[in-house]
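Got some structures for you, see below.
Next come two complexes built around chain A: one with chain B, the other with chain C.
Right, the complex of A and B next:
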């Protein structure tokens, strides 16, 4: 009865919506609908080509035709490790991929009196689903969207024309910058703020909200952090007596998957907690947002999707 | 597909207590003890089906008591409409629940229930209760009451909708007419820890921290379940604090002669489903009652029941309201464990 963790799917449309962002839609190969999802959810796209395989999480921007199709907007990360390059260069209408069950690490705070969204660049993607829900629920919302240039702003045109009162665009090329201090200072009680965008922008927003005395429970952020490369290292699996090499450009989770060691996962960016793994030996370079400081200090756990060995070897309880 | 026959003459869960289990119902009763001694644990597993005919076969179990239990719910709500309660931010959760129940029941019991959809125009048919309802999914004004109330008046068991926020689960909507001594009006809006605060011993064992962490990560399409239990005098479904004056005194009515008929093991099949549109959780509490007499027709159950009752921690005896008749029950059960 449990639905599978992911569905074989095929691409039904690809549109270049900005010079760096392509909009994709997918449908299940078995012809069934994917089903509803909550605003802020992501799904993992599984790609495979020859020996290479990638699993990248992307926000669901919407669905069409009664959830028959899921939609994503994906930015080309030319310095990335290959997933978005693959999506941009190799994926066409008809390409077959795997789409994981949605999981939400950036949900709408339902009891909020007002929803204030702060987006930067491709960080607009979760808010496309947010706005759909806000409309459906008749919620009070406001979106402040910073983009490099008008043509680089995904969905900018339609957002501006559909919601002229609620949406404010900030175009860097025209020297118009969002003033977070001013935006946060003029909000009514009961407002929740959500921020998604580049690392620096998220950091600025969080810092200013804190300085202005916003309760941390009213401030929500999402940053998709792709695993940074690091030094290669080896891993011993204590239970199965395996030795695995982790290359510089791959994550420990990917290396385990390539060796057919299945570990639960969702965000693949150190936030959701699914892949938490016990470490028996070796120093860990913790890079996640999930483990508590005490867990990190204990050296007994790590998140293999993003964290690595400090030295050249780890022993895992797998 | 499951074929279920309902008892057509209504049984009562109050007054003359005509509720009774058939041989088939006794056989499929969820006996809850994996060991001879009981202690709290995070006893959760995937709710991914079970043996054909068992209570675990389908997402939501419907059994021979369906018509009677729905009538009991109607009676409770008529006396006290506040047994259904919802907070204003729970609309999406309510539609999630309605969709989940309608889809599951029509899929698993097609001879009794059917659902047809044309975009947002839905038609729901519940043949046992003689209901045919056309409505617009998402538009409350097209239903006779709140969506969650509407559908849970047609499904056995209690239902709580939890909103997930601040890394916690809040009990923000509930249909509770067969509570094992807890009040929906008192607990509405509580966080997971607040809601479970009265449970003895388990907090110190870290059971609820672990359970909450586990529940926050329950995924779409991968529901989980556990069993919980208590004892109830008579086949009374509504043992809520609101009507304590109706049932509290019954604990004093137990004698060695009436243990077998009066004391019932009350087992809750608790299920937890991630809800797709709201990202909330459904907490389903499906209650099964069996008299000691019927339970002890199974020698293995009778023997284990004796050992569990004999070794229960005093704080659990108090919490579950057993203390007063504990010795009488234990004495009666000992005949099966010689």
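Right, the complex of A and C next:
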């Protein structure tokens, strides 16, 4: 697998669509179209702020047949590691950033008879592209969207007015909660369900679908994990004889990049498998969704975008 | 030739039907002798809830008697008997179209029947983990001819004359789930007219 290519891009619009979410549009600086993408894709935004740099993956929310413009809706994570703060505080129309080629870990299963989307909060973003695609395909779809408050629900108003029959909103402030048992209970044969939202919501949905006899092949989920901080540690690169320090708030992948060690990546959240790296020595704190249990137990591989050292040192085959 | 033929991974391997405890509705589908496999499954799966269980089958009066005694109202919600296979297969899409997620199919009968039902299930959006099938009865093959695109039914020998073009075909274990057929090819393609003695292999 190769490192996805990235393009210098410019911000063409910024809109505050909820108190916490801003909607951004991008175009390529050379005026050429971006690569095509399928609904559910994410792309990595590369930001630079003095010595700091951030590379965060965000879902593409726009129509997947418009290649001149990419769109993203980004939630401000005040306790995050800085990427979304930078996007909210520093990025204006005209700001130049890097946009990576899109990659899809959450594609629409096109042969499905019906598409059932379950979104929570900013988890609505991949479904904005889904709905464009489903309209083009004339597919049967339904969206159940849980939001804290009407004001906080990105795209809630437009979705409700455009698709009054297919979209159901659940507003926590009004004490209306989505009942997954009820939603999944009577779906027609051939339905596929897609869920994107907070960790607990995704877990609940997966459990209930399983209890109700949905085969795992009809259940799709996406959760982005930002790398959690951990203890600082050092890595030795066996081939290039480098020693690198990984700070508490940076990921191993970021530390490698700062040391100009390029390794392939895409999701930067432990899901896609691009950055799989061989470990020669040291105990690993596995935090990804990608490696199999057997691979994790072998201690021979790790996903540096999200996983860390168990102790204070690792030797990598790099 | 036999070594190539016997190592085909696509050849389906059938085993006795197994009840999926995650199922919420169960549709038993049988053809003739295949009813035996369905009865075995029902008799050994005490936890199957009768209200969620239906039977569709085609078979003789003997099989009808078996169906009525084993799929009694205390074990099964509804029995539908069909005149023949075609009538059953014609009804199935409608039944699946009005079914809900959580349905499992248990299919038992001859190989051609199994894959026709599986094809209808797939067209209804079902994944292979949602249907389970068992072959009971003759191992006779449906064989596809790549020369004329016809299929021959009930082939019991390694070599046969194609129902479509009359060429002598040897069939191998390469199986198409889409067509429910084994692949045949001209046995005397290299030297026309040199057709080996046929052997009966699939009874």
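Simple rule for what comes next: the second predicted complex is superposed on the first by the 309 of 318 C-alpha atoms of A that agree within 3 Å, B and C clash if a C-alpha of one lies under 4 Å from a C-alpha of the other, contacts with A are read in each partner's own complex, and residues count from 1 in each chain.
The working rule: a residue touches a chain if its C-beta (ideal position, glycine included) is under 8 Å from a C-beta of that chain, and two chains touch if they have at least 3 such contacts.
Quick caveat, the model's predicted, so the values are computed rather than measured.
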First (chain B), second (chain C), both or neither touched by A:52: neither
Contacts of A:111 with chain B and chain C, given as first, second, both or neither: both
Contacts of A:213 with chain B and chain C, given as first, second, both or neither: second
Which superposed partner A:283 touches (first chain B, second chain C, both, neither): neither
First (chain B), second (chain C), both or neither touched by A:189: second
First, second, both or neither for A:136, with chain B first and chain C second: first
Of chain B and chain C, the chain that contacts the larger number of chain A residues: B
Contacts of A:41 with chain B and chain C, given as first, second, both or neither: first
Chain A positions touched by chain B in one structure and by chain C in the second: 111, 217
Footprint of chain C on chain A - complex, ascending: 111-113, 184-191, 210-218
Residues on chain B engaged by chain A in the complex (per definition of touch): 46-49, 59, 87, 89-92, 96, 99, 119, 138, 163-166, 217, 219-223, 275-279
Touching residues on chain A, where the partner in the complex is chain B: 1-4, 35-38, 40-41, 66, 101-104, 107-111, 133, 136-137, 217, 266, 272-274
In the complex, chain C residues that touch chain A: 20, 22-24, 96-104, 124-127, 129-130
